[in-house]
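Shared chain: chain A. Partners: chain B in the first complex, chain C in the second.
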Partner chain A sequence: MNSKQINYLKTIVDPKNICTTKEELLVYEYDATLLKGAPEVIVFPETTEQVSRILTYAFQENIPVTTRGAGTNLSGGTIPDQGGIAFVLTKMNKVLEIDFENRVVVVEPGTINQELQDMLTPHGYYYPPDPASMKACTIGGNVGECSGGPRCLKYGVTRDYILGMEMVLSTGEVVVIGSKQQVNPDPLDIVKFMVGSEGTLGVFTKLFLKIKKVSEAKKTMLCTFDSVKDASRTVANIVREGIVPTTLELMDNLLINCAEDFIGLGLDRTADALLLIEVDGLKEELDGQVEVIKKVCEKNNVKGFKIAQSAKEVDQLWTARRTVIGAVARKRPSYSMQDVTVPRNKLPDIVEEIVNISEKYNLPIGVLAHAGDGNLHPLVLFDERNKEEVEKVHEAEFLICKKALSLGGTLSGEHGIGLLKKPFLDQEFAPEVLNLKRKIMLAFDSKNILNPDKILEVGK
Partner chain B sequence: MVVNNIVAPEDNKELQVIIRKAISDKEKLLLKENLELNAPVLDEKTVVLDLVNLNKIIELDKDNFTVTVEGGINFLELQTLLAEKGFYFPMDTYASGHASLSYNVLHALPSYSLGEYGNYREYVLGIEAVLFNGDLINIGGKNIKNVSGLDIIGLMIGSQESFGIINNFTLRLLPLPEEKQVVICNFKDIKTAQEAALQLTNKGISPAKLLVVNTSGAQLLENTKITKSPLLIVELEGFKASMQRRVDMLQEIVMPYGAPCLIMTDNTEIKEVWNKFRENQYQLLSKTADLISFSGFYTKLPEMLTELDRELVKHCPAFTIIINSLIGSGMIIPLGKVGSDWHEETSKIMDEYQGKSLDKKSFKEPGMGIVQARLKAAFDPANISFFGGEKV
Partner chain C sequence: MSILKEGKNYELLNTCNKCGFCVQGCSVYKEHFNEAYGTRGRIRLIKAVANGELERTPLYEKIINSCLMCEECSKNCPSGVQGHLLVQMAREDLAREKGLPFAKKFPLEKVLPNNNLRKLSFHSFRLGKNIIPQTIKGINIKSLSIEKVDFLSSYKPIHKPENPKLKVGFFVGCMMNHTMAQVANSIVRVLTKEGCEVVVPKEQRCCGTPAYVYGQSKVTRESAFQNLEVFKDVDVIVTGCASCGNMLKSYGKVFPEDSKEKELVEAFSKKVRDITQFLVDDLKIDLDNKQSSLKGKVTYHDPCHLVRGQNITEQPRKILQDLKGDDYVEMPGASKCCGASGMFQYFYPEEATAISNKKVENIKKTKADYVVTNCPACYQRIKGSLEINRMPQKVMHIIELLDSK
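Now for the complex of A and B:
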């Protein structure tokens, strides 16, 4: 971008909301992956009108625009690898409306997930999508990626909670799709199609979210196993018994020890796997479900079965689960988190392959999984300064993806394709499907300026 | 009406051949179910697709709780087969007994259980479809979560046969609920019935179905035990352990309204009630071209419905109102000829209460015109969709 173009942007937003120094650009050249790519300018819009005017100009000038929120993206989707504008929506962070009676909330995209939850909780409501990064990540980012989280098994993903949105198209045109009502007026559901589009189709400026009442009661169980296979089998068997838990999370031995080092809860360090299971509903329903789950666990050689006895204990268990990703830093200085999904009964197979890959490349790999969904997050631990090791990480991750696909799985359950998985996409989809996706992207963004060539190469 | 070109493909390849021929011969295509429900005016170049031969259950995966099935299977038949094996596919529409799975999904027909169980996208995990560009595509599988690129499955659902025909589905299933009860309560007016429904949704009872109908709608049940008046129809399902308390909570809510309730606990009786309700609603819908679908805010619905019930009678002597109170959406089905101001009067009342008329016509979001035209061109470049051509 030239200085004329940057100066023009300063006529649209307050110049203090434009950054161009080398140091400032450095901060926005990465996300939560290992990838990097520097923008030429960083712009913090504050209103829909500013978003619209900037996109109108970018469209006219063919300037790439990479939209982002907190930058917790795990697929390189917010890396401005083609330069241009890093479009940071964190200043559009207002909760505009909370309507408990009609169960709808209107937020700006930069609203932090946890901050919204904190506003809802005292009133007995919540917004179900709860990604691990919820303390930092923005709702706009969650919508762009169709984020999930532990509660997805019973309550679904972000897509299921977006009623409508105000969005700006690549041409700068502002459109409102869907509505604040619980039903989309149009059967052709473009609202839901926008969810998970990774910033390639439009820029969200307002989001209409569906909220839910908190269940009357819940029970949280901690189950340990001597084998990951036993834990994985337990997962499939619980659902077969007619129970859909709110959460069914799995951690392997490496991660149990990382969590224990960090938080010191007294977790069984010798266990090969741990399941964190939660059921919710009316209070009369829960004891029966816990009893069935216990029996299933026993049938699969459970080592320890414990029911959390207090809210504090429940909080501690969830803190262990939510902080374990950061806690791995005690083992190695860098980690790379994968995100593949397989049919639930294939969990033991993929876990076995991950163990083999870990041994083959001599890389510690921790397995964290939303096991009920078959969604795994293998955490490959390494040292980013060791180039040889980085190469091995890439190879190991490629093999994990390949195995997931061979088991009927998919490349991404909740982190998206971005840049990271773009090279593998043709292994999951036939050429005619990729061509169709390409045409759809061009239908929305004919000049390919919005997060250009993320997900797949589009061209002009 | 000319209907001399009905074709029933035997397999997916044959479906692809038919669609490719339609492209080269510039024919229009539509599913057979439309002949009853949408009364289209056809010409000799229109091909009517009957998916009756594509009706096989390919795989019931008990470990992953999925079923892979051909799209021509009757919706209700599929649900019955699954229930016999202990599985539950909770979508349930007025056309369940008449229309194929493909038709229900492609038109995103509203499920009575939409509020509690979500929409089709939560259950359609994988599809095989023949697009109107002639491509046979496979997307998804048995994975509950999938965000690998753009959500083409989501785009196909509700596309109203504008993009292509889904001929194979992999569906997510749920465990069959332990127990089911239906409670039907008589109210003095539609306003109080809807008020009670709103209170129920805030109580944590989580009904599977929660419908309100006006007096005329009570006839959909054809049940001598039920007095003809506005009704609140509640289906509760879940664990036995909590069922009695749910029923008690429900009765506590309706008691101040003096609404007598009939409680059904027998599964056969419940099944019969829904069969009647669906069938009668379907028959009504197949006889009218003046249906109005709408949605509204929960809090505004009681007043809005009261006014609709009171004012529309000036434009049509009898009409049925059915509201899915879990999602604040409903239908007004005229039972006779409507006056010229029928639609105008309805719109006026809905505007007053911020309600929305749900136009069945797709591709109508303001400002999205060019995008939608390009989308349409990507899927159906030769414009062979019977409906698609009218809508862009």
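Now for the complex of A and C:
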């Protein structure tokens, strides 16, 4: 970009919201992955009008625009690898409306997920999508990636909670799609389409979200096993019994030990696998459900079965779960996390393969899984400064992905494709499907300026 | 070679995996919404300097210096990265490679560690206050009452109890010494009443926090040796200043690994207690039968260097809840930094004022009559900010509740 272009941007937003210093460009060249690519300018819009005017200009001048929330995504979706504008929406962070009667909230995209929850909690409400990164990530980013979390087994992912949005197209046009109504009468539902679009179809400026009332009661259980197989069989059996827990999370031995190092809850360090199970609903239903779950666990050789007794204990278990990824990262300087999904009953197979791969490449790999959905996050630990090791990591991950696909699974549960998983895409989708996707992307963004060539090589 | 490149330091810089979990907790980021002012960004830039990708530019310096040392990031990082220590390391590197500007260097190296010069400067500040405006850079200067004669110079030992339980050394700290002599006297009285022999060595020196946080560990090391010497024959060292306590308890970090000095200061550190910790955990004072000196609603502000620095949250709350006569309410965001952070408030007035105003808002929500805290720096900042906002609350040091005269 030239200085004329940058000066023009300064006529649209307050010049303090345009950054070009080397220092600032350096901190916007990365996200939570190991990838890098520096923008030429960072722009912090404060209103929809500014978003619109910036995009109008970028469209006219053919400038790439990489939209960014908190930059915590795990697929390189916010790396401005083609330069241009890093479009950072963190200053548009107001909660505009909370309507308990209709159970709808309207937020700006830069609102932090946890901060929204904090406003709802005192009133007995919550917003169900709960990515482990909820303290750090924005709702705009959640919608961009269609994020999920431990609760999504029962309550669904971001897609299930988006009623509509105000959005700016690549040409600068502002459109409102969907509405604040709980029922969306539009048969060609563009809203659902936008969820998970990773910044390639438009820039969200307002989001209409569904919220829920907190259930009357919940029970949190902690079960340990001597083998991952037993744990994963338990998962499949529980679901077969017709019980839908809010949460069915699995951690392997490496993760148990790391969580223990960080929080110190007294978890069984010798266990091979741990299941964190939570059920919610009406008080009188729960005891029966817990009984059934306990029986299933026992049938599958459970080692320890414990029900959390106090709110504090539940809190600690959740903190352990939400921070375990980082806690694992203490072991080695870098980690890389995959996000594959396999049919629930195939969990033992993929875990077995991961153990083999870990041994073959001599790389520690921990396994964390939203086991209820068969969504796995194998965490490969290494040192990014060691080039040889990095090569091995790539190979190991490739094999994990291949195995997941061969088991009838997919490559992305909830972390998106971005740049990181682009190379695997033609293994998952037929060429015609990819072509169709490409056409849709061009229909929204004819010049391919919005997060260009993320997800797919679109070309112009 | 820059210290940033030294083995262990460089390793620390590389442990950040950029997950971003620390960013939203950083109060300074929350004023900018620009990652350069959040922990993850700061670490990225320090790494860039270490790798030679970036010069030590004025903007870099600004970014490194605009950190509150509130330790919020270190507490929030699941990977165990100590963000505030990395920033401290970067300041150490800046001080070595570029030197400190005079406005910082002179007070840090010459005035605070020298008991006479320090007295003189607080004294002239007191006189000067009459001719300057109410606030400078958002700091309420007029509300800061500086003692005519500081506590250490005026202190007269009081009768020691018969068969004292313990011999307690009282570390007063510069800020309390010069601005809150009445609180310092309360601490001595309460400890004596609880059966301790209290000694107050006059030659105690500034704990060394200000020098440490601006990268002058050398000065801190000298303070450590002096304090080690003057407190050598007491059973415990008690302080009523969160920052002092935090520093005294962690002197080990300013000495090289496995050095003899480190061992010595660590033995000293083991004897250090915050006043609330000492009263509740060690002396287990009987609170149920004690009357608070206050009536009405009280709330509590957690000093950064107590809640995160020393993991002390329950002891002060226990005192406030158990004492008879007052009514305790928790304030939202009780543990968020108040915005003072030593010289930060002077060099970054806009951020500091905004951060303090958030604290004031949270105090307002509690409808409390009193704000209690446990650190002279927080005390002064909150008091000043409440006055600027024309709020009626009175600020008290926690010991004042226990010292019913």
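By our rule, the second predicted complex is superposed on the first by the 460 of 460 C-alpha atoms of A that agree within 3 Å, B and C clash if a C-alpha of one lies under 4 Å from a C-alpha of the other, contacts with A are read in each partner's own complex, and residues count from 1 in each chain.
Rule of thumb we're sticking to: a contact is a pair of C-beta atoms (placed from the backbone, for glycine too) under 8 Å apart; a residue touches a chain by one contact, two chains touch by 3 or more.
Here the structure is a predicted model, which is why all the values come from computation and not from measurement.
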Is A:G304 contacted by the first partner chain B, the second partner chain C, both or neither?
-> neither
If you stack the two complexes on chain A, which partner ends up touching A:Y335: first (chain B), second (chain C), both, or neither?
-> second
Of chain B and chain C, the chain that contacts the larger number of chain A residues = B
In the overlay, answer first, second, both or neither for which of chain B and chain C A:Q182 touches.
-> first
Check the residue A:P15 against both partner chains and state whether it touches chain B (first), chain C (second), both, or neither.
-> neither
Please work out whether A:G264 is in contact with chain B alone, chain C alone, both, or neither, and reply first, second, both or neither.
-> neither
Would you sort A:R240 into first (chain B), second (chain C), both or neither based on which partner it touches?
-> first
Where on chain A do chain B and chain C both make contact?
-> none
Chain A - residues contacting chain B, complex = 101-103, 145-146, 148, 152-153, 156-157, 159-160, 169, 173-177, 179-183, 185-190, 192-193, 195-197, 200, 213, 215-216, 236, 239-244, 281-285, 287-289, 341-345, 370, 373-375, 408-417, 421, 425, 428-430, 432-433, 436-437, 439-444, 446, 455-456
Of all residues in chain A, which touch chain C in the complex?
-> 19, 21-24, 26-28, 30-33, 42, 44, 70-72, 88, 90-91, 93, 110, 112, 114-115, 133, 135-137, 262, 323-327, 329-330, 333-335, 383, 385
Residue set of chain C touching chain A in the complex reads 11, 14-15, 17-21, 23-25, 33-36, 40-41, 44-45, 48, 53-54, 57, 59-60, 63, 76-80
Seen from chain B, its contact residues with chain A in the complex are 61-66, 86, 107-108, 110, 114-115, 118-119, 121-122, 131, 135, 137-152, 154-155, 157-160, 162, 174-176, 178, 198, 202, 204, 238-239, 241-242, 245-246, 295-299, 326-329, 356-360, 362-368, 371-372, 374-375, 377-379
